[in-house]
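Chain lettering (A, B, C, D and E) follows the sequence in which the chains are written, and residue indices restart at 1 in each chain.
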Amino acid sequence: GEKSEDVTAKAQSLSLTLDFYPNPDHAGIYMAQKLGYFEDAGLDVSIHTPADPAAPIKLVAAGQTDLAISYEPEVLLAKEQGLDVLAVGALVDRPLTSLIWLKKSGIKGVSELRDKTVATAGIPYQDAYLKTILARVHLSPSDVKAVNVGFGLLPALLGGQAQAMLGGFSNIEGVDLRLRGSNPLVTPVDKLGVPSYDELVVVAQGKRLEEEPQEIRLFLAALARGTAAAASDPQATTKALLEANPDLDPKLTKAEVAATLPLLKPARGKHPFGYMDAAGWSKFTGWMRDNGLISSLPPTDSVLSNDYLPGEIPE
Amino acid sequence: MRQDTKMPTAEARDFATEGASPSGTGAIGAAISIRGLSHSYGDLQTIERLDLTVAAHGVLGLVGPSGCGKSTLLELIAGLQEPESGAIELGDARDPHGRLDRCAYMPQRDLLLPWLSAIDNAALALRNRGVRRAQARREAGSLFERFGLGGFESASPAELSGGMRQRVAFLRTLVAEKPVLALDEPFASLDAITRAEMQEWLAGALRADPRTVVLVTHDVEEALYLCDAVAVLSARPACVLEQLRAPSPRAANRNAAVTAQEFVTVRERAMRALREGASAT
Amino acid sequence: MRQDTKMPTAEARDFATEGASPSGTGAIGAAISIRGLSHSYGDLQTIERLDLTVAAHGVLGLVGPSGCGKSTLLELIAGLQEPESGAIELGDARDPHGRLDRCAYMPQRDLLLPWLSAIDNAALALRNRGVRRAQARREAGSLFERFGLGGFESASPAELSGGMRQRVAFLRTLVAEKPVLALDEPFASLDAITRAEMQEWLAGALRADPRTVVLVTHDVEEALYLCDAVAVLSARPACVLEQLRAPSPRAANRNAAVTAQEFVTVRERAMRALREGASAT
Amino acid sequence: MKRWLLPTLLLAVLIGAWQIAASTGAIAEALHIESFLVPSPAEIAESLWQSRSLLAENAWVTVREVLFGFGCALVAGLGFAVAMHLFETLRLAFQPLIVASQTIPIFVIAPILVVWLGFGIGPTLAIIALICFFPITVNTLDGLGSVDVEATKMMRTLDASRRQILWRVEVPAALPYAFSGAKIAVAVAVIGAVFGELAASGAGLGRLIFQDMAQLQTARAFAAVVVLSAIAIGFFGLIALAERRVVTWR
Amino acid sequence: MKRWLLPTLLLAVLIGAWQIAASTGAIAEALHIESFLVPSPAEIAESLWQSRSLLAENAWVTVREVLFGFGCALVAGLGFAVAMHLFETLRLAFQPLIVASQTIPIFVIAPILVVWLGFGIGPTLAIIALICFFPITVNTLDGLGSVDVEATKMMRTLDASRRQILWRVEVPAALPYAFSGAKIAVAVAVIGAVFGELAASGAGLGRLIFQDMAQLQTARAFAAVVVLSAIAIGFFGLIALAERRVVTWR
């Protein structure tokens, strides 16, 4: 309400690089943009999309983008490589990556994956998920046929070349399959023995945080408002997403939004939006190390900080 | 090469041999008959209502001013171009395909293929006829020594002198073994001695194995020595100004023949006709 | 073209004009001196201890068997190749660069550039010297009519007959305006009449504006008419068999000159020398 | 016009066969033609029509990128080829580097390009230019070397400087090669645009195709590919036309 | 050997400059050379040495893919070019299709290829072949058309059949063009391998580069790129060598 000429003139520009092409995971962002919450906070946010999900965090570290959406494993890998980045808030504070198979495949449980073909995106830490999942039912990775299909997870599953896929999100690919009438069975990896982690986090450059923490705070507060607004109005959320990205499929987006909005709420209800659980991160870090993905255990305060989150959800 | 005019029997036989050529059978001794031939490149009229006949086994010389359309006429005879109007017959062939079949054409530019050695260039026609490479090389190579090309069998065209290239191109045309030969200034790049030797060789070969020949040359003496008759063409558009009978075609003793009084007289007449044709434009 | 032998004054002046050519100044009338020249392509010895001199403004003819090394010798003189041993001097220039500067070379193959029109091909040397295109075309084009190329200024080389191409190449060499001309069979593709006219034109041009010329030809008559002296070369490796003085170089009346008894005698001597050179191999 | 009849017929037959295969259960199954994988021509056509404004908008973005990127590559490629032709040392030094430049996957350089050139059209242009540069350079360099040495000799006797030999003999001789290179380049340019857009741009056909594929909106992805192909064929045809007008001597 | 001195020197200077830039704070900052973005030559060299067996293993996979894919493309490209040269109708019909084939992004066809060819090396080979096919075909087709009509006429008077004119005149004349096309193809083949491996293969340098980039192990990714470039340069050099041995007439 206090938008004035003065404020607009001083609007601080802030660039945000998404993890992937725009989808309902970014509902809070697009709602905040649509409803002018960023403007209210004196921010002029520009949204960019990369192709390679590994790129955004590098751009943050290089100071090329102010903020990026990335993944918890990615943040830990970045730390391992000495990148000056910090997770400042969780966009989705639980795993979305899921093991998916179709009902018609007749697979009842993970143990029946023996000798079946599992499609993966070829990302090393996701391959480790599979290893952990299989280990729980006493299978080794060589007992299944894991194939990297890169961009082609869904076609591989739908076409029957693979009996299961690991790498899709429950709220995106899972919904897509359901809408196609394929009866998918979707299990997020944390239900299959992988320690829980925050799927999508907002990442900022450490140096930047020390110098100008205020904008980040303002951004996260506006994002929290946006997310709350999204949660309360799925229809408006779908509309906002489609307006900003006319190439999204309306029917699919609507369904995905419905599936996503509950996931945007903090999993641990007592905490505010964006809160990251240090203990959970610590456990996941241990799992990463045990699987040879990283070699050292960084202290959690060097990888995440809840200090920039708004204390409570502002109205 | 020697100045003696005896036909080297081996080569003469070679030349006379009828190969397995499909075109070599039946059409031997095709006569050429050209009636009312006209031709033009776009707006440029090159040939206008030209009539010419060559008897089977006859040798006709064509002389005329540069640019009058001699090469074009040969291409027409050889079936590489089609006339605007008029008819060309080679034996019983009227269509370009039949003419191509009967006529071996030696173009003015040698057009040796740079990726083939001299001998492979010479052997092209044999190879096209399906003769195996070794055999083709042997056949084409048999005349290399005689043509002063000995030792250059495997040279690339770029390594040959202008006159040597021309002789290879001449050889290439000969080994095609066609009943009709259309030769476009075959000896233009040769010095007087080599040229006389080549003329004598050709005369001998034609005596041993007559062909129908159309020979374009700018050397009236050459035309009158080698040909039965010489047609003097006008400047463009070409038509026949005068047709002269040669006094002693392909005489065994070239030197004697070309210095004979009769020969000199005809030569003078031809030159006069040429001069008149040139100044008429 | 007409048979009258008067020099067309406009063209003669044109030819005589010394352009703005840097090479045109100072080196005019360069004499050629070749001493102990040897050359070979790999194992193939082409020239062996050859000595030749041409006075400034002298015209030397070179005749010799095909493949003996005449074109190679011209390339050596023009500075396009370097001798194995021996020395070549053009005026005060010994190095290839200086020779290139002083000598205009007409190669045996016409080598017209297919992407340029006839007139642009002829004007190449002017364009290279920095003359603007319109001006260069005008200068080069002034001789087109005279050379029987009128109307073909903008034709592409592929649209020219063999003799026309050769005349364009000749023109291209002339407009380079160099003190030394090295001409490799410049009129080989021309019919007798056109050739005689071109010879007369060249004779007239040289009378009006003397140059040092080395002329390779296979036509002894041409050599004896155009040149002060004619060197008869042996078969490969080339050396000078005999050098003959021409009786009446570049006589105004060509017809009379070439039929004079003295001329015929020298011609016979040259032919004999040639024949001996050829049979020596 | 008869020469166009048969090709058009062939295309029609191909599309028809595809449509029949897609709509005939058994064949579709055997060939795995399922609309999420290979949409039928009818579906593509429908998508093409329905999304026409979206496609047109994005196509315009891509066309501009291709034009600029290709233009830069043309200038740089021809320049480099000439420089390498004139200086052997340059060629020896840079040829391997130029080959190497072709082998860097886009996902390796994309972040670097974004850092250096920012978001937006910059990185896409760089990627297109990089891709186009190579065929133009290789072909032009080979074309410049294809000249008859005799022609060069002739020019030298006519007082031609190195530069004049280049312009009057070598460049014309290289033109057919350069045109072939340009035709290759302009066709691969659109693929460069696709990947460039993935890396750093918010619009364009490449972006659209990628999003549609990720959402398995295959019909629209194929429709976008059809537009992309049409753009490439158009540019290819334009260059072929230019070639015929410039290289008149054969 | 002096001709190799300067190029080597240049390369050394380039690498040296890069190393200095990377290790000098101010320059590195200005150029954004940070080791997670652009590793220094020293880091790359170290990674190259440490991961030598891993790199060698994956390189061998990629080399084999490139060899096979390029081989298929060569055969198909030459064949198609000849066919299109001989039959105008074929050319009119297929040329646009061939241009179009270049414009299909890999992520569109990869799933289809996987369905048709299964997992493993098949899709990668198909992608490499598709990429290589184009430059070879375009160049060879243009080369076949570059023949002097006079030479063709000459052959016709020597009773040459269409086939013989093709083999004895047109094919030799097209060879320099085909070689240029092959050089372009073999360099882009490695990029085809990279993307092919991403789509459907468990090994190879492309796979390695992608994984290393995903894990932010940039130094090793660059080391793999160096190996990839070396492979491309090697193949390029081999073809250039073959060209010099085959096209002896100029």
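We take it that a residue touches a chain if its C-beta (ideal position, glycine included) is under 8 Å from a C-beta of that chain, and two chains touch if they have at least 3 such contacts.
Predicted model only: the values in this text are computed from it and were never measured.
Visitor: Count how many hops through touching chains it takes, at the least, to reach subunit C starting from subunit B.
Guide: Minimum number of steps from subunit B to subunit C: 1.
Visitor: Going by the contact definition above, tell me which chain pair has the most C-beta pairs touching.
Guide: Max contact pairs: D-E.
Visitor: Taking mean CA positions as centres, which chain lies farthest from subunit B?
Guide: A
Visitor: If you average the CA atoms of subunit C and of subunit D, how far apart do the two points sit, in angstrom?
Guide: Centre-to-centre distance between subunit C and subunit D: 51 Å.
Visitor: How many angstrom lie between the centres of subunit A and subunit B, each centre taken as the mean Cα position?
Guide: 85
Visitor: Suppose each chain is reduced to the average of its Cα coordinates; what separation in Å results between subunit A and subunit D?
Guide: 36
Visitor: For subunit B, give me the residues that contact two or more of the other chains.
Guide: If we look for residues of subunit B contacting two or more partner chains, we find 109.
Visitor: In subunit E, which residues are in touch with two or more of the other chains?
Guide: In subunit E, the residues touching two or more other chains are 32, 37, 107, 111-112, 115, 148, 210, 213, 250.
Visitor: Among the residues of subunit A, which ones contact at least 2 other chains?
Guide: 52, 54, 58, 62, 64, 151, 154-155, 159
Visitor: Taking all chains into account, which pairs touch?
Guide: A-D, A-E, B-C, B-E, C-D, D-E
Visitor: Residue numbers of subunit A touching subunit D in their complex, please.
Guide: Residues in contact with subunit D: 15, 20-21, 46-52, 54-55, 58-59, 62, 64-65, 151, 154-155, 158-159, 176, 180, 245-249, 252.
Visitor: Which residues of subunit B touch subunit E in the complex?
Guide: Going through subunit B, the ones touching subunit E are 21, 23, 75, 78-80, 100-101, 103-105, 107, 109, 111, 113-116, 124-125, 127-129, 156, 158, 172, 176.
Visitor: Going by the contact rule set out above, which residues of subunit E touch subunit A in the complex?
Guide: That would be residues 32, 34-37, 106-107, 110-112, 114-115, 118-119, 198-202, 207, 210-211, 213-218 of subunit E.
Visitor: If you look only at subunit E, which of its residues touch subunit B in the complex?
Guide: 148, 150-151, 153-161, 164, 168-169, 172, 248-250
Visitor: Over in the complex, which subunit B residues touch subunit C? Could you list them?
Guide: Answer in residue numbers: 1-3, 41, 63-67, 69-71, 108-109, 148, 159-164, 167, 184-185, 188-195, 218-220, 271, 274-275, 278-279, 281.
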